[in-house]
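Think of it as A, B, C and D in the order they're written, each chain with its own count starting at 1.
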Amino acid sequence: MTQSKRFFSDNTASVCPQILEAICAANRDLAVAYGDDPWTQRLDEVLGELFGTEVRAFAVATGTAANSLALATLTPPYGAIYCHPEAHIAVDECGAPGFFCGGAQLERIEGEDGKLTAAALAAMLNEHPVSVHTVQPAAVSISQATELGTAYRAAEVAAIGEISHAHGLALHMDGARFANAVTYLGCHPGDVTWRAGVDVLYFGATKSGALAAEAVVFFNRRLVRDFELRRKRAGHLLSKSRFVSAQLLAYVESGVWRRNAERANALARSLGEAAGTRLLHPVEANEVFVKLGVAGKASLRDAGFEFYDWGSPAAGVARLVVSWDQDERHVEALRTALTAL
Amino acid sequence: MTQSKRFFSDNTASVCPQILEAICAANRDLAVAYGDDPWTQRLDEVLGELFGTEVRAFAVATGTAANSLALATLTPPYGAIYCHPEAHIAVDECGAPGFFCGGAQLERIEGEDGKLTAAALAAMLNEHPVSVHTVQPAAVSISQATELGTAYRAAEVAAIGEISHAHGLALHMDGARFANAVTYLGCHPGDVTWRAGVDVLYFGATKSGALAAEAVVFFNRRLVRDFELRRKRAGHLLSKSRFVSAQLLAYVESGVWRRNAERANALARSLGEAAGTRLLHPVEANEVFVKLGVAGKASLRDAGFEFYDWGSPAAGVARLVVSWDQDERHVEALRTALTAL
Amino acid sequence: MTQSKRFFSDNTASVCPQILEAICAANRDLAVAYGDDPWTQRLDEVLGELFGTEVRAFAVATGTAANSLALATLTPPYGAIYCHPEAHIAVDECGAPGFFCGGAQLERIEGEDGKLTAAALAAMLNEHPVSVHTVQPAAVSISQATELGTAYRAAEVAAIGEISHAHGLALHMDGARFANAVTYLGCHPGDVTWRAGVDVLYFGATKSGALAAEAVVFFNRRLVRDFELRRKRAGHLLSKSRFVSAQLLAYVESGVWRRNAERANALARSLGEAAGTRLLHPVEANEVFVKLGVAGKASLRDAGFEFYDWGSPAAGVARLVVSWDQDERHVEALRTALTAL
Amino acid sequence: MTQSKRFFSDNTASVCPQILEAICAANRDLAVAYGDDPWTQRLDEVLGELFGTEVRAFAVATGTAANSLALATLTPPYGAIYCHPEAHIAVDECGAPGFFCGGAQLERIEGEDGKLTAAALAAMLNEHPVSVHTVQPAAVSISQATELGTAYRAAEVAAIGEISHAHGLALHMDGARFANAVTYLGCHPGDVTWRAGVDVLYFGATKSGALAAEAVVFFNRRLVRDFELRRKRAGHLLSKSRFVSAQLLAYVESGVWRRNAERANALARSLGEAAGTRLLHPVEANEVFVKLGVAGKASLRDAGFEFYDWGSPAAGVARLVVSWDQDERHVEALRTALTAL
């Protein structure tokens, strides 16, 4: 078999040099490294500048922790969280939201291309009157970019934010691939977050070049509440926090947060073009969903391309993920193979 | 306004004489009442006879406790429970399953007339491959009668049981109105439960004449596991258990479990006929769902009929529930009013 | 063996006539019984009159539910609850507080005769500085009467209340045998509760004559918070609530709450006198703890007396509980037997 | 003020060169780094060799996660965990055990120098008979080294293991400072773990030179059960796991696990000698507890030494922690200062 060409997931990518260097630098000056932690203390300022507003930001090591800790500050144990059926919190976190919230219920709302719409959210809320017998609506969670590789426009987020707040719900954004979405949209990071009503964002770095670093960014600082206690109790307060904070600072300040995403998006877009009519969703981030059929999948795998099935294998759908450090020759080879199908 | 005629819920009905007498009797013979509790000790035998197989049966005071304690013995904290979107556990128990299971996730599966189908269940399970990232399929929960007043046929339950067990899932039945369903079907209680693959049943009595008594009936006794510890920890082991057990024994042994259901069903059926084309679902238990429109609802309420809206008030749908002790003149009056619309 | 004479527990006592009659009465007038529930609506007023202040009162069916639901409104998942090592919540509820609170931690504080002291509480709080790494002090729970059959004096409760509030903790009282304590103290129910700083009380009725009825009484109504949602989610909102509320109303309004306790206390006191130097704790309620030795226990049991060991059987300690309806001849016989030892 | 000399905690130490290099190396060979993860796959083998037996080992990023995930596999929600009152799980993890176990209860057992004894454990278990009303004994947790800087001898652990297993309890060891204890004892790592009945060990690396890496080591592999699902659900399965696993491999294979501990222990021992009669516990690891009095603490702080109070500030007790990379001149200065007191 030819040398393997991996399109599994951006989770298997390497750490980009700027971030690895920041980790090493944080270890150098021991006098500073001891005791207080200036890296962590700069998170609010640096992320505030990125978003153009005052924020409270907290570092954790995984996306599941970032999403669930944020949701747990917004949602009581008897609360309801509204999300798309494909949401990562609903299908890829082994029930973490229910664990961190102490039993909150996920209410799924269908939508095209992985997007929840304001209209569908409003309908769901109106059709289910609240009483002591029901779960209590607490939060709405949307993914930017979505799990199907699409990006919410600022107006779409704003409409969801308006409905959410009108019903007293907080709006959470799962931004594991936030950089890919914002880069695609070409907008200011604030346009699709706080300016559009997002109360708290999981701002992802690991998938796009960090070793293990994610930020929970509260735009609505009143909602921080007991976040720090919940983080500690869940074992997500790292003793040597400076090494996580340093990754986030480097990710933002070096500009790799944007450059890495631009590169991955561009390569993914080129794959989407090659997929032609087999493409299932617009390519607006670094994921490409292609209807290959069972035979098509097999032939690509025989050619050394590795990727995950989307849904059941029989469905014949492949998810192709392009990482920030993807080998261009592999992408070129995959373009050729897709065109040849 | 004319004297009120209530069709809110069978939860507001009275306690039937045979059951109230059983409570008083349990209080009489003190020598026996002290210490050990012969009423509770007879539950397995009496319910086993009713169902025609050996069972382990436990008494609790509410349906939410019965459903959630049963599900918690079947479902780990990271488990998934499959149910219909209208399931009582999903919409009317304030998140109790998540609480008792320690965070389990409800996966909804649409279906006509409040019924989950074997085909839809199979599709859902096949389309969602299981991994360490996903919730782990653990249980299927169906309601008999359903929340829309329909009854699963034995073959329908058996098909669901087959798929469930083929995927290693346990099958739970919410039988808050089990008596109404079995009476309508005219089958043996075992036909739609253990013979059809049901592992554990919440056998309801309160809605049909008890004061506060429900039974959790394990047909698959291997699944009892730590049920008794969970019941105690949840505050559902009553210190004077004999008074709950005595209600269940009287409910079954006096035959009121069937007679009360027959009466309620017959009156409900007559309302369904009067509703004509406005009827939304077949009347197979003691609930009638009627499309009245906003004006129709108002005119009935002006005439002194009381009932709940189903879904949002704007939908114009009324849920009419007939209790075991409903006043026939009120039913007759409602028939006339429905026909007149 | 001679006819058995039971001193196991007041949980096995019968339902007193006034309360059973109230249940039957609540079932009689159907027109009223339907829909709204005037019994439940009178709880606040009737219990408010008993305590001489405005209260919010809620009915549940078990003491474990009453204690845990109260504590869960006071204690976050990362909170600490301070109690005596013998507290019912710590040793007899199968971990219910941890379940209802979502993981709260019990901190035990030793004390004579089952009593927690203000001084020991203050010391514990001062020696354990609070930080993000520690559980967060949230509530103090004391039992009135205690698990060792003693009663807190008003001044003792007030001192605990003062320390609790000074540290921002709420004060909870487990009053499963509240009537026995107040009757012994000869004080007004308000003197050892709200006037002494108790924020919420579990006011017990089942052990002293009810079928299954307990009240959670909030003197500090601001702390009610989400109690009703937690009660529903835990399956403790009874559909036919009127039958539980009616028991509580009869318990208070008929005066049996006091008369039943007076009778049980008097009989227990007479046993304590008979126990002489074998008595381990003052008899201030309806429980008597006697050091019998292994042989002494055996001889009493041979004589047909039934009771539980306290702690390990080898310790030779018996707990004798006198119920409101205890047969005086049995008590007389036990007095004789104890004296004879 | 003179330049600060920090004795706060080994959590603020730097990452040792061998481990930082291993992280960088893991990032180099991209072809290998993609997809499967050979570092993680070697954990069982490398830790098995260290302990001289077959193990199942899992990497996580924090000690709280390591302890709580291990305990959650051993303890049902209604279970009891026995530990010393000073145990890290009881006082420094914000209630994490209750969170991860879904409500388990911690039962404290006093003991000299931070050690739980087999005799005290046996007494506790014998004095509390188990029933459906009690929490169910599930696990025993001991810290090696203890929170007071002492080390359990192999025989002490073995005696605890014997009692634990005789009562059907699993034995967990919190080894945040395991290297320090084993180095002090001069024994084989297996002698104080699996050979002494330890079922699962949290093997710490972060405090002794890692960036963020801890291992959960199951000697009793039957107890692994659903560990991997619980780890994922808690957000502790790192997407780029290789970087955590690589730290653990380097920690063990380079031998720094032992060398770093030896250095820290030696420096701590020298401080203990200087403390003389003020020393509160034998120095058997890298922590020194000294009774300085309020004035003594103040004078040391004026001299630029930084450390935490132990217990309430008024107690006048200082905890001095020596890190693997502590500046010897600071230790020498502190020795002089302690002697001068």
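Please note the rule applied: contacts are C-beta pairs under 8 Å (C-beta built on N, C-alpha and C of every residue); 3 or more make two chains touch, one makes a residue touch a chain.
Quick caveat: nothing in here was measured; it's all calculated off a predicted structure.
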{"item": "Chain pair with the higher count of C-beta pairs in contact (A-B, B-D)", "value": "A-B"}
{"item": "Most distant chain from chain C, judged by the mean position of its C-alpha atoms", "value": "A"}
{"item": "Matching chain pair for A-D (criterion: over half of the contact pairs shared, by residue number), options B-C, A-C or C-D", "value": "B-C"}
{"item": "Centre distance in Å when chain B and chain C are each reduced to the mean of their C-alpha atoms", "value": "34"}
{"item": "Averaged-CA centre spacing for the pair chain B and chain A, given as whole angstrom", "value": "41"}
{"item": "Whole-Å gap separating chain B and chain D, where each centre is the average of the chain's CA atoms", "value": "51"}
{"item": "Residues within chain D bordering two or more other chains", "value": "77-78, 93-95, 99, 102-103, 132-133, 136, 229, 232-233, 237"}
{"item": "Residue numbers on chain A that touch chain B, as the complex places them", "value": "77-80, 90-95, 98-99, 101-106, 108, 126-129, 132-136, 309, 311-315"}
{"item": "Residues on chain A engaged by chain D in the complex (per definition of touch)", "value": "4, 6, 8-9, 11-15, 20, 23-24, 27, 30, 33-35, 60-66, 68-69, 93-96, 99, 206-207, 211-212, 229, 232-240, 243-244, 306, 325"}
{"item": "Complex contacts: residues of chain C adjacent to chain A", "value": "76-78, 102-103, 132-133, 136, 226, 228-230, 232-233, 237"}
